[in-house]
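Per-chain residue numbering starts at 1, and chain names A, B, C and D are given in the order in which the chains are listed.
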């Protein structure tokens, strides 16, 4: 979605502000939100793409004025309610009033280390051959989906070159909507900064994004006109 | 509550400490969520504690620094790392959640690499730990792709005008680590001493490795 | 600038919410801000484009969470200080401490009716002939100026057709920066919705913008390649 | 102040009335600005009062409605209005600040027109008055250009599927007024009665004129 999260190329946010001490968390509640989001993410009720989608769904003004873990919290509150795990009354009081809904798994303390050390790969086999190959000139499609997508606005309609073919990966746009992993070929596409930002772009600068196959089309119209 | 009315409900970053006896509205809100999730059996408190402990104290940029130092001293490892980073890092026991699909991009005299996630906060957790706030915040996310030299200047990094900049926007599940150039004057250093020169920012691309100290 | 004001095509703001009674102002202070901005706008210290620019310069999160007249107020406070008319201390206390700076005009009560009934036209002669004519296919340039511009992001790089040529008008991008009115030919450019939004665009829908000549280039590269 | 601490400093639209004896932080802030601008001689209080009075009470959509009604009954006027709206409106005494460069776009069976200003709040003040809050707000400004049919549906307007929609984004100093189609069954109405059918929204494109009453 064209929401508050799609920040590439925006102006007006001021300087980057590194902190001297860089605490990993800035309040006790941030740690708890982090842990709760991780734990609930493994309940099998939703997936990582759906969580990103829930965060992006905050109204842009709220997204941009909420701290990072406040965004996580609001999204998690929204998800547990949307999936029927917690009622609004339970959220308001912190006490359970209705029986727990079944979840696919409850992450146990002793499972954390082995599961997180192994990780959760997103690569998947794709039966069809890749449409593009390294060196191909491609254009990022002009799309504006209301739902989750990982094609940022700043590359849409712009032309770049395939730089790497990474194999098949879970497609976030469908997965976020629980419409299947529908894996697609994933590419790295390199864009010259001038093609993204125009003649005033900083010199000697290029940007690469990872783009799923359906985000791309050949830069020159295909032969059958 | 009485002293908190006009602070915590804005959700901005607030770093002011609170008296232990006064919970902010955000603390209360999160406590309610945690209580009900635990009470209903969705969350095991032991898992929650372990997750927080892991990412607060265990993972961090020391993992990435070890990878970089090894690549500086071992040309074969470097080649494996650049060809397929995930298994190469596994040789050093580095990997896991958030690092399932690692890509390492090497700085050269010709090109400097910079990593960002404009859409959220993708970051190689097992290699660099949790990202700093600035990495997740709008100024960096908006500007890194459109004016990377200006951003680097704010980090105190001024590159030669003829060194190109390549920005990697982490828009899928690939996670990037920058392999910085080995600083000059480090021929005598061992791998551990080299790792100590590798800053977190030098593996994001917003910094360069430390120069060796005068004793090196 | 690519700021919070550039809203065309964004998602996530929710439904349009008309009010039943539609008061023109929602608090007494809003009327005062409106009047003050109008009056100060005639002081000759800045121009309308500079005022728009000052409003857009609010950080996007603040812009999107401020009410309309709060945006006007913050911009006006910023302008009177930036132009040396009022000091921060004066603004904080509401009392003058340093002598007034000269302004080009002070709008008098009796001037309001005739001046506002006449208006303030923005058309200006342009010596050169218009580059484009009705029917020409043009592409909105890919530009991302840090300063004020009136070319919205959603048309940049997109192709449309010249539908009207309106004559010369003050160029906002320079005027906002007090770099001259530098008048340019102004066009109406019609874009098919599919060319702006992709295949999922609503059917039978087109969007027109008013575009200054320097915002546009011929859609097909000009002959001298 | 004591009762205002958590309200007015958020700057959101707040419509709650205040006791006259309690000024909100925003009222105080604006009062300070006005005081110093008047004290230093930059603003004449009489001009301020006249400006507010003019735009609060004098200008409004009745002006546009007169223009529309005239165009419905006078084909020559309609032709002049569509060819060059500014002087045509001046014939009826309509014009001035915010209406210096008027463009009138006529609805037809084939095409419906809708006006928006995605970048700010451009609106033909002397023709329609000051715009309503929704016209200036992010939902309308963001959506009118990308999903006008959905926006129209929220206004209760469902157009035939084969009627195209043309959206006019007011990105320069041209100001648009929609000339709606004359409703059926109004042959017997005089110009004043016709003007009474012309709603503000019908001249923005988010509405249609009223149908004539049963007595018409």
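Quick notes
Everything that follows uses one rule, which is that a contact is a pair of C-beta atoms (placed from the backbone, for glycine too) under 8 Å apart; a residue touches a chain by one contact, two chains touch by 3 or more.
No experiment lies behind these values; they were computed from the predicted model shown.
Counting hops only between chains that touch, chain B reaches chain C in a minimum of 1.
Chain pairs A-D and A-B differ in how many C-beta pairs are in contact, and the one with more is A-B. Centroid analysis (C-alpha atoms only) places D farthest from chain A. Work out the mean CA point of chain A and of chain C, and you get 33 Å between them.
Inter-chain spacing, taken between the CA centroids of chain B and chain D, is 50 Å.
Taking each chain's centre as the mean of its C-alpha atoms, chain A lies 40 Å from chain D. Per-chain Cα centroids separate chain A from chain B by 17 Å.
For chain A, the set of residues touching two or more other chains reads 9-11, 13-14, 60-61, 64-65, 144, 196-197. For chain D, residues touching at least two other chains, in rising order: 138, 146.
Chain C makes touch with chain A in their complex at residues 1-4, 9-14, 56-65, 141-146, 153, 157-158, 195-200. In the complex of the two chains, the chain B residues touching chain A come out as 10-15, 18, 24, 26-27, 29-37, 39-52, 54-56, 95-101, 118-121, 126, 129-130, 132-134, 136-143, 145-151, 154-155, 161-174.
Here chain D touches chain A in the complex through residues 138, 146, going by the rule given at the top. Residue ranges on chain C touching chain D, taken from their complex, read 5-11, 13-19, 22, 24-29, 31-36, 38-40, 43, 52, 55, 64-68, 70, 73, 76-77, 80, 85-86, 90-96, 100, 103, 106-113, 115-123, 150-152, 154, 166, 169-170, 172, 186, 188, 190, 193, 196-197, 201-212. The residues of chain C lying in touch with chain B in their complex are 60-61, 144.
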